[in-house]
Each structure stands twice: as structure tokens, then as C-alpha cells.
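Consider the two complexes below, in which subunit A is the common component and subunit B and subunit C are the respective partners.
On to the complex of A and B.
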């Protein structure tokens, strides 16, 4: 409710008495040597309380999610446009801006490395001590020489997408007296990981850094890496005053990681009847200047390149590469978006070569539970791929465009640019597989605590709510298990064990599992308490609505009455089953579980002007079990809008490493008019591995919708369109 | 410069720098942080408020331009503790996820219905084109607005 009344506090609303403002100085160059930093003029500005650079970082000078390769402040080289060099604390944001302008830096500008393939060439000098290769992973499976009767190939590219959450980065840091520690309120995806990195850079024990979640205005992966956290905490400790930092939209584009641009060379071998036999692929993911999660994104890319299809033979080489482009990391779909665009484009080529329809080729090859992936891993998850395709196919097509249609319904909409007779309709398909949770032997867990007293359950966890709806799900679980009406959600902070990140479609499974586990432990204790008090075997007790009843006798007591005067407090740590690393040939059980989805796109294209309107997206998604139908549909519709963005609108345009469009004026996001009609079917086949039977639903919606839209535009135009986003000039020129 | 602005029914007198944006006046001087800033370039509509009954983006208006005007922010939409039907409709129709666009979206939607009390779905979409949402894909927002229009 607070979210509709304006009372909900987002991180940008944070405020403290006596606080100062912090701001960051960033490099205007993609690649340069820093010859000298002169702070003297900035210090003379009245109101400036502190200026810090790399020299002032007391602990570790670098940070990073997987490898710690990114400087808190650049000191010798800047490696991307927007890299932080210094931070200022002052009495007002305007004073901060003036101070930043007064810092004088002498740069020796260098030629940036901006092409991922070129970056790996032996003649290209490393731009970072760790080298230009972040990670290489091969997958070698089966017959390496097999040649199919039908061979299709392509080179596909995906542009750099921005998560573009609306709620800008912001944090408040409060120093402990004497500078012995710091308390922070921050909008993030993973409090404990932030804390680990912040504490290391501050040179403090983790227990001295306490984080509380502040209101998160969307995340989509961009808040998995830290941005202003260390800078803000350092300034607070330096000035002994509370520090507020917040980014504007332009700085936000420079302040967080993006979706990896990728280039994928791929060849599919199949029988004449369309049975997929072998995949050869070479994949380049441009990680930008620092690693972030690039190595994990790469693994998702190479291990999902077969798509949701059976295939026994593969030769795949994937490279995550360092360049002087902006750093890339997590974004909804995490490496699978890029792979899916390539494999789905290929499936359409294969269909054409085998004279099959897009639906037929996909059904012929659809994966099932028990199939072995190119990594050797057997798919144990429920895998209703064929059902996803069939149920999507069964969704009614939209009515054809009427020649007298309301101009608002035409391509170009209110621009009144297109005549109905110039508009061509196209239909395209995309189907995808997505891993759930973390992979490659990461010990992934989530902790939750449940306390029951006087009929009220209090839940405590560090699970970040980014808008996905865990704040609704967690109480729902507690009510169902404990039979309570009232559930109180405690503060989300580091005062309990980690919940892991709100990412990888994992929180319903992981934190949902932890809340479920904690509530079950509490219920067991409650049954024991009631059993002892009323001399009934606790094994005979069950919760029925808001009562505890004896399954055999007629004893009944309300949960409120049963828990009056007692305090039951239990904590549960949920782990998913362990996974393995991939070996040198890309073999190993590296993923936990998978979810599947099919998308069919219908588009209208003005082939003269190159304009596209997506008319309808039909989708059937494998969700395991629906826990909250409205929230689930919201995830599906929202994900589809983001996939549409990547297909036809959204790209961070880079020119020699420089970002050309860091604003919402120039980086185009789908509006209410761009959002297509969505007809969604949720396929419920409960997942035995999942604590609640529910699979993560956040990522799949945005994955195969992009290739489906691209295929529909191809269908309308007859063009190959090997790159997304597809721009008007790609269609009409 | 001296300004006198009525916000949510209460008159405020202040001395502002001429360059102060209305949204900054509302958030920082009056402390009404329900109105959000999402883009700094008048693209996203998170800062939408009502000025003299009309929905406007408060990041494109200077505080001095609002001198003498009557401003309503999201905090002033509920009357006597009862939520505006549009707020109720957004809650009931799941018209939000992260909630950052919501105050601006609700204000824009109320403004839309003031002009066109019974809009079609397409008219709602056109009317909200200036307000970005990154979470919902807009469908539940459109549903919310249509529901509120029905309940009027």
C-alpha cells in the first residue's frame, strides 16, 4: 500500500541529520594513463569536507563479484568511460559538482580496445594486468567430425542492453563513533555479498559493516555488482558524518554493469528430416573493462547454446573478453539471452532448409526430462518443452489488420505515418531453456527465521525485494503452514545469514524454501507443545485453516490460543543440491535445474519506413507451480516488454568505447504503446526438486521473446536480420 | 525568489533560487518524497504531479513557475485517509512491482481520467505514453486505469 500512497521509502529518499552529499569523479576517456591528479583547487571550495582517491582506500584497493579486478578508484589507468577516479563529500550536491569540476587530472589518452575478437589477438596489448581474456570455456561432446545432410550457419550479434531500472542508485552511510564501523542503507540485490566487498575495501571485519535494505526501484541484475557502496562508506568514515550518495540517470548508465554484447558464429548440422545432430559455435562475450560476472555469464552462454533441443554432438568455444567498453555483468537472462538469439535464428534456418514449419522443427527436436545435454548433464527437471510449444501454438492468432483500422492501432501509431496497405504482418517463434539458481559448484543457500508467539508469526530474512513480490510470497507461506492470520516481516538486513542474491530466478525456490523450512520447524515445535499440554501424540496434529486439529480424535484448538504465552523461534538454511565445475571439455553437472518457455510473436512491419509494431506475444511457460497468479503474470508481461526492448528498441550505442546515449531521451525504452498484447499460459507440472514445486519465473519471459520478434520481422521482410536490436534502417535500407 | 505554492491544500511560502526545479522544491524543501525522479530529462514521468488540476512532469517546471498555483502530489491524493479510487485500483490490479513509477503513473492516470472519464484501452495507452515502467510491461497498469474509470 505504501507504494501507491507515496509513503514507501526508496533509497533515493534516505536522509539523515547533519548529512553530507557524496559525488564521484569519472573518466571522460575509455582508455588513458593517469599522469597526475591535482586536488588543490577543489579543496579550496567552501563546503568541501573531503576528497578521496585510490590512496585513501585503507583495505583492498579492488573489488568484484567473482574476481576482484576492479579498482575502487582508478589510479594508474582508466579503462572505461565513466570509471571512478575520486569522490567528494560536501554540504550540497551543487558544491560536489563544483568540486568535481575543479579536480584537475592529466591524462595520457590511449587508443581503446573495443572489439572483443581483436582484444584476443596476440598483437593486442593487454589492457589490464589480468589480461584481455577473462575466461575461455570449450564444450566438446560426441562426434567431432559429424557432417549433417543439412548444414546451416550464421553470425549473430546482440547489442549492449541496459537494465534501466527506474529507481536510481542511492545509499546512506552512517559511521560508527570513532570510525570503528559503518552502517549503510542501500538498494541492492544481495546484502551479504555487498557487505563482504565493502568490508574488504574498508579494511574492516564484516561484523563492523551493517547493511539494511532500502527501497529498491527495480534491479534486473544491475544491482548485483556494487556501485557507490564503497565510495559512500569511505566518505562517511573519512568525515565522521552521514553521507548520502545518489546517481542521476546519466551517471547511472556509467555506474552499473550492462548486458554483454555478443557475437556468435554458429553452424547446425541436421538430418534431411530436421533432426539436430551437431552444433558448432564460437561465442564472444564482451565483458568490458572489468570482469564482474562475465565468467558465469559465459558459462550460461556456452551451456545453453543447444537451446531446449536434443543434441549429442557439439564443438563450442566461448570467450569472455576484456575491452575498454563499459563493464558488463548480470542482466535478466544472464548469457542465455544471447545464446537463445543465435540458436533460435538457426532453428528457423534449419526449418527452411528442411522444408518444415518453425513449429515442426522445434517439436521434432524438443528436449524431454532424462535427455543428456552437451555438457553430459542429464535434465532431471520437469521439461515440458513440446507442451510449451503446442500450448503456445494453440493460442488464437490476433485478427488480421483491418484496412479501416484506427490509426492508433497501426505501426507508427500517433505519428500517422503508415498506410494499412504498406503494412506486412509476420509471425515468428522462439523457445528457450534457462538454468535456475547458481551453477558450477557454488554453495548456494538462503537463511530464514520464523518466530511464533501469541498467534503472530514474525519472519526474518535478508532476501531482497526488488518488486518481484517476495513480500507477498513469504507471508503466504507462513500463513499456509502455520495457520496464522498475522505475519510480521522483520527488517531486511545483515542481522541474519545470507539469502543470496535476488537473481537467477532463485528466490522463490531458495528463500521460499528457507521460509518454508523455518515455518515447518516452528509448526513441529508447536505441535509438540500442544501435544505435551493436552496429552496427544504430536504426530496426530495438523493445521486446518487457523486451527490445530487431531486427525484421529476431535481435539481442536486455534493457533492463536495454542501459541499464546509461548515463543517458538527457529532458523532454517536451505541449500540446493550441489553442482560441479565444468572440466576442460565442458563436461559436468554444472546446473541445478531448468525452466522452459515458448514465445510466438506477431508483428506488423511498415517495410518502407522500417517501423515495427508487435501485435501479440503468445507464450506458454513452464512454471512448476503457480504460487501467486497475479504476480506470476506480472513477471511474464514485464519480461516480455524487456525482451521486446532488446529486439527492436534498446541499445547502448558505443563509438570507440564512448557511450553516446546515456539518457532516457536517447536510450529508448518500451512505453505503454509499445507493449504488445500478451496471451500467457502457465504450465503447471510441479518440480520435485523445488521446495514449493515452483520454478523461478523471472528470467524465462525475456529470453526467447527477442528471437521470436526478430523471426516475425524476418517473416514479414524476408531479410536475414542477424543482429538485435533491429533498427528501422536494417529493415528498409 | 519568493514563491507561494499551495501543495496538497496547504500554502507554502518560500525563498527559492530561480533555477530550483519544482520537483526538487517538493522533495527537498517540503520533504514530500513520494514524487520520484527517474531520468532528469523529462522522459520517464516518475515525477508527475498535478498543477492546477493538470498532470505535469515536475522536473520540467521551475518552482518559480509554480508560484501562485495549486499543486497536488501523490501524498495529497487520498482524502480524509481514504485512498483515491486510482490508488485502490493500482493495488487491486497489481499495477506495480517495484513501485518507483507508481506515484507518477497514478497522477498521470488521474489526470487522464479528468480529461477523458471513460477512455478506451488504446486511449489509456496513448495517455500514459509519457510515463515509463520497467517492471510490469504496462498491462496491469492499463487494467488498473480502466478499472478506476469503471468505478467512477
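On to the complex of A and C.
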């Protein structure tokens, strides 16, 4: 609500008395050796209070989520266009800008390595001391020589998508007196991980770095990595004054990681009747210049390449590769988006080769609970894949294109390019499997604290709200369990244990589980308190609406009255079950749980002009349990819009490592006229492993919708279209 | 930096004369973007938004004159859209409601981008642009006004006051290709105007050359092959050849918004479709 009325305070609204502005100097070259940095002219500009470079980083000079390979400031080489080299603090953003322009850097420009396969060739020199291979992972399962009666293959590519959140990166840092520590307000996805990395670079104990969440305007993975945090803190400590840093849209494109472009060579073997028997795949994920989460993205890619289908035999090789392209990391769908585009394109080819419909081929192969994945892991999650497909199939098709339709509703929209006679309709399918939470033996947990007093529950946690709706869900859980009306949400900061990241579709499960656990402990203590006071066995007490009642007798007391004058305070740490690393052959129980979804896309295509309008997306999603229907539908519709973007318009265009379209003028996001009608069914089969029965629902909506749209365009045009986003010229030339 | 907010055109012209290097600000939908990107440094600004004369619409039976400051939203529907449908359609394609509430033809002409959506319409209609300075007023043909990529014939000290176009008897339309269905910069656009009285046709293309391109040869070819005074159906074959001839006159480039090849193909398709629409009943 606050966001709609403009009252919500985003991190870019942060302000402090006496603050200075910080700004970052970035490399214009994708790859160059830094021969010399000359700050003298910049220091002469009045109003400039500090300029810092790599030399001024007191602690660790590098950072990173998984491996610490990214310099806080580049000092010897710049490895991507936009890499930070220095930061300035000054009295005004305009002074900062002038100071940045006055910093003189001599570059020896080098030929960038921009192709992932080429980067791995022995003749390509490593562009980083850690080498050009970030990680290689194979999966060897079952019969390595099996040849199917039917074999289909393809080479699929996915372009670089941006998370394109609307609330730009911003932070405020306040130095402690004497420079012994720093307090920061920042829009991030994971306060504790930020703190760990910031403290290491500052050379301070973690307890000396305190982070409070500031208003986040969307994240989608782009705030998992550090962007301006270390620079801002360093400038604050250097100047002993509050520092505000804030990116504009263009800088934001350079300042955060993107979705990995990928190239996937893949071959499917099946019986004549369409039963999937073996998958061979080679997958290249372009990680850009620094590792970020590339190695985890890769694992998601290779372990999901079979899709939501039974398959016992596989030969998969995946590579996460370093290049001089912009760094890539987390984005909604995390490696599965790329895999899904390839496997779903393949399923359609297989259907055609076996003379089956897209629905039939998918139903024949649909995975079930108890099936074994190519990693050897048994799917223990509820796995209603066939049901997702059937219920999607049962959704009514949209009305055929009316000859007298409003021109704005036709392909081309306001451009008035197309009349009904120019338009062909197509239908396509996509189904996906997505892991939930973190994988590969990561000890993933979330902490929450609940305090009950005088009928008011106060919740404290470090769970970041990025728009997913945890601020609604957490009080809802507390109200349900404790029977209170009033729930106060304490500040989200590092004053409590970690909640983990708001990513991987994990917070409802993880932090939801922690809030649930803390509230249950508090309820237990309340029952004990009431039991002792009124001489009733606490085991007999339950919460009914806003009262505590005796299940057997007729005792009844309101929660407000029962909790008046007492303070009950409990903290709960929720862990999901442990997972394992993959072995050299890609075997191991590396994932926690899975969620499934089916999408059917109906598109109108102006085949001659190559223009597309998505008319309807029908979807049935395995959600476990719906906790908040409006929020759930919001995730589904939003995810579909993002997947649509990847299918037909969203791409960071790179030319020799240089970004050509770092603005919303040319990086196109779907508008209201592009967003399709969404008809969604939520399949509720509570997940026994999940504390609330609810699966994560954030990522699945954006995964298989992309291949579904691509398939629908193929259906309308008869073209193979092996690359997304599909551009007009791909269709019509 | 100073900002002058004159209430009348005379005051604005006087302010311009006093400071010919001042930047004119109408809707700001181009200017503010340039300032944001640091492509331009505002020194002194003369804001035109309070000047009613610049929003005037004058109709004299044969021509319609549209004030340089009139926002696009006023052109999307109503009198202008009825009398000059192609302009109404072009106006509707511009940006979002917010942009159309602020953006103007004066700004479109001032920026003079080849992708400016008002410009192909003004070109196809042979618009006259009225420019005024403190002590002179002159009318310049749109074809002479547009000089090159983001360059025009406006002199320092001049303000664009209006664009005047004829009210044409016959079909006219505008179509624009972009990669999404609204709020998108043109990858290629086309305006086609059939004048049934004169028996002539005009075709102008946007975003396929350094400025808007008028396709004189294709126009000539068609008017010698078809009697445009008659309201005739146009066959698919003829329309296709017309489209190809139009495309031959385009001078598109490759950029991140589209390839030259696609742009050429797109204008061929648009021109051919618009021609067929002109004859459809």
C-alpha cells in the first residue's frame, strides 16, 4: 500500500545530516591493463573529500559470494566494462561526477574474450589468476551407450537477461566515532552475507559492521552480490562522515550481475512410443569476468536438464566459464531457466518425431514422487507433474481473434502494424522442475524471534522483504498461531541471526518456518503460564480465534488477557534437511525439494513482420499450500511477465564485451499491452517436508513460460527458433 | 543557471533575443533525458509551458495549424485525429500516457531524431513550420527544416511556433514497428497519405535514415500506374512492388534496435500494407 501511495521509503530516499555523496569510477573497456592511475587533478576540485582506490582497501582486496575473486577496486586489470576502479566522496553528486571525469587512467587495451567456448580453448590465455574455467561438472548416469529408436538434437542459446528491478541500488553508511565500525542502511537480499563480505574487506570484526535493511524495490537475484556496499563503507570510514551512494539506471546495469547467457548442445534418445531414455548434453554458462554464484548456477543447470521427466541414462557436461562479459550470477530461476528452454524445445521435437502432441509426450514422461533423478537423488517432494499438465490443458482457450478487434489489442499494439489477416495464432507448452532452497551441503537456516506481551506479538528477523510479501505472511502466521490481533514487525537488521537470502524460493519455507517455530514456542509457554495460573493441564489448551480454550472443559480466556503483564520471548532457528555435494560423476542428494509447473502459451504472430503478442498464459502450479492467494497470484503473474520478457524482448545486447543498451529506452521490459491474460490454477498438495506445507512459489512461474512462448511462436511460424529472446528478424528473415 | 517562465510568446521571444544560447523547454521529455545523461549542461532555460499561444490549434478550412507546445494527448483523439488521422495515430504511439501529456511536436522537431514519430507525418503532409524570433517570422518547409541526424534549420534566437498541414481528402495512416506493443522507440515507421483531389500519394519513412525519408520515386511510380483520384482497391501484387520500391529509398543502418535488413523489410511491409488499407472498403 505504501508503495502505491508513494509513501514507501526506498533506499534511494535515505538521507543523513552532514552527509557526503559517493560515486564510482568504472572502466570503459571490457579488458585492459591499468598502466597508471592519476588522481591529482581530481583532488584539486573543491568539494572533493576523498578518493579511494585498491590501495585504500584495508582488509581483503577481493570479495565474492562463493569464491572471493572480484576486486573491490581493479588495480592491475579491468576485466569487464563497468568494473570499479576508484570511488569519490564529495559535497554534491555533480562534484562527484566532475571528480570522476578528472581521474586520469592510462589503459593498455586488450582484446576481450567474449565467447564462453573459446575462453576454454587451450590457446586462450586466462583472463584471471583463477583461470577461465569457473567450474566443470559432469553427470554420468546409467547406460552411456544407449541409442534410442528416435533421436532428436538441437543447439539452444539464451541471451543475457537483466533483473531490471525498479528501485535502484543505494546505501547510506555512518561511521562510528573513531572509525572503529560502521553502520549501514542498504537494499540487499541478505544482510548477514553482505556484512560478512563488507567486514572482511574493511578489515573489521563482523560485530563492528551493523546493517539495517532499507526499502528494497525488487531484487530478482541482482542484490545477492555486493555492489556499492564496500565502497560506501570505505568512504564513510575515510571521511568520518555519512556517505550516501546511489546508482542511476545506466550505472545499475553495470553495477549488478545478470542472468547467464548459455549455449546448450543437447540430444534426446527415446523409444518410438516417445518414452525418454537418455539425454546427452553439453552446457556452457557464460559467467562473465567474476565467479559470483556461477558454480551454483551451473549445478542447477546440469541437474535440471532432464526436466520434470523420468530418465535413467544421461551424459551431461556443464561448464561455467569466465569471459570479459559483464559478470553473471543469480536471477530468478537460477540456471534452470536456461536448461528448461533447451529440454522443452527438445520435448517438442521429440513429440513431432514420435507423432505425439506436446501434451501427450509430456504426460508419457511425467515424473512422480519416488522417481530417481539423473543425479541418483530420489524425488521425495510431492510431484504432481501430470496433474499440472492436465489442469493446464483443461483451462479454456482464449476466444479466437475477432475480425473487429480493437487495433490496440492486436499484435503491434499502438503501432497499428497488423490487421487480423496478417496474424497467425500459435500454441505452445512448457513444463518445469525447480529445486527449492540452497543445495550442495550448504547449511541453510533462518532465525526468527517472537515476543508476546499484553496481547501484542513482536516479530524480529533479518528476512529481507523484496516485494514477495513476507511482511504480510509473517504477521499472518503469528496471528494464526497465537490468536493475537496485533503484530508488530521489528526492524530488519543484523541484530538477530541470519535469515539467509531472499532467493531460491526459500523465505516462505525457511523464514516462514522460523516464525512459525518461534510463535509455537511462545504459544507453548503461554499455555504453560495459563495452565499454572488456572490449574489446567497445558496439553488441553488450544487457540481458537483470539481466545485460549480448554479442549475438554469450558474454560476460555482471551489471548490479550492471558498475556497481560507477562513477557514471553522465544527464538527459533529453522534448518532444512541437509544435502550433499555432487561427486565427480554428478551423483548425490544435492537438492532439498522440488516444485513443478506447467505453462501453455497462446500467441499471435505477425509472421511477415516478426512481431508477437502473447494472448494468454494458462498455468497450473504445484504450490504445496496457498498461504495468501493474492500474493501467490502476484508471484505467478509477475514471473510470467519476466519469462515473457526473456522469450521475446529482454536482452542486454553485447558487442565485443560492450553493453549497447544499458537503459530502459533500449532494454525493453513488457508493458501493460504486452502482458498476457493469465489464467492460473494453484495445485494444493501440501508438502510434508515444508513447515507450513507451502512450497516456494517465486521462481517456477518464470521458468517454463519462456519455452512455452517460444514453442507457440514455432507453432505459428514453422521456424526452429533455437535462441531466446526471439527477435523480429529471427521470425521473418 | 537561470530559468525564465514567460507567459506570452512575445515575452519568450524577448527572453530568447536577450539570451540566444538559452535552452527551450517544452515537455522536457527529450531535454531532461539529455540532461540526465549529461549530454547537455543546462545553463539558462526558457520554459515554454505557460504559453497558451503555443498550444493553439487553428483551422481555416483547408489547413490546420498545430501549436508547437500542444501535447500529444490532445492529438490522439478529437478534432485533430479526425482531420489528420495519421497524426492522431502517430501521437498515440508516442511513449506512455505521462509522456504524451507532456511531449509536443515542437520538441519532436527541436530534437529532430530520425525516430521522432511526428516527423514522418509532417513530411508526408508537406508541413510548413513557423519559426519566430523577436523581430522576424518565417515559414520553412518540413523538408528543409530537417537537416540531418538531430539537426534542423532553426536559427539561434528562434522559437518553433507551429506546424501547418493541409486537410487532405483521402486516406491516410501511420504505422510503426517496435519490439513491444507500446512505449517503444521506432525501429521503422511509415506514413502514407493519399490525396484524392490531386490524385497523388505521399510516403514518408522514419528510423531508416539520417532524417525522415520521403519516397518520391515510389510515389511517382504509383501515381503513374494507378489513378489515385479514384477510390480504387489495390491488388496485393501492386502493393508488394510498391513496398519494395519504397524500401529501395530507405537508408537504414544496423544497431542494437534492429538490423538494416530487417528495417528495410519492415518499411516494405508497412508501405505495402498501408497502401492496401488506403484502398480497402
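Here is the rule we use: the second predicted complex is superposed on the first by the 732 of 733 C-alpha atoms of A that agree within 3 Å, B and C clash if a C-alpha of one lies under 4 Å from a C-alpha of the other, contacts with A are read in each partner's own complex, and residues count from 1 in each chain.
We adopt the following convention: a residue touches a chain if its C-beta (ideal position, glycine included) is under 8 Å from a C-beta of that chain, and two chains touch if they have at least 3 such contacts.
Note that the coordinates shown come from a computational prediction; the quantities given were computed from them, not determined experimentally.
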{"item": "Touched partner set for A:13, first subunit B, second subunit C, both or neither", "value": "first"}
{"item": "First, second, both or neither for A:248, with subunit B first and subunit C second", "value": "both"}
{"item": "Touching partner for A:673 - first (subunit B), second (subunit C), both, neither", "value": "both"}
{"item": "Touched partner set for A:728, first subunit B, second subunit C, both or neither", "value": "second"}
{"item": "Which superposed partner A:567 touches (first subunit B, second subunit C, both, neither)", "value": "neither"}
{"item": "Residue contacts on subunit A - larger count, subunit B or subunit C", "value": "B"}
{"item": "First, second, both or neither for A:5, with subunit B first and subunit C second", "value": "first"}
{"item": "First, second, both or neither for A:660, with subunit B first and subunit C second", "value": "second"}
{"item": "Contacts of A:396 with subunit B and subunit C, given as first, second, both or neither", "value": "neither"}
{"item": "Which of subunit B and subunit C A:166 touches, first, second, both or neither", "value": "first"}
{"item": "Contact residues common to both interfaces of subunit A (with subunit B and with subunit C)", "value": "248, 250, 413-414, 665, 670-673"}
{"item": "Of subunit B, residues touching subunit A in the complex", "value": "27, 32-41, 43-44, 46, 73-75, 77-78, 83, 87, 90-91, 94, 96-103, 106, 122, 124-126, 128-142"}
{"item": "Residues on subunit A engaged by subunit C in the complex (per definition of touch)", "value": "97, 248, 250, 411-417, 419, 422, 608-611, 613, 648-649, 653, 655, 660-661, 665-666, 668, 670-674, 727-729, 732-733"}
{"item": "Residues on subunit A engaged by subunit B in the complex (per definition of touch)", "value": "1, 3-10, 12-13, 163-168, 215-220, 248-250, 406, 408-409, 413-414, 466-469, 630-631, 633-634, 637-642, 663-665, 669-673, 675, 678"}
{"item": "Subunit A-touching residues of subunit C, taken from the complex the two chains share", "value": "36-38, 89, 92-93, 96, 173-185, 187, 189, 255-259, 261-262, 265-266, 269-270, 273, 277"}
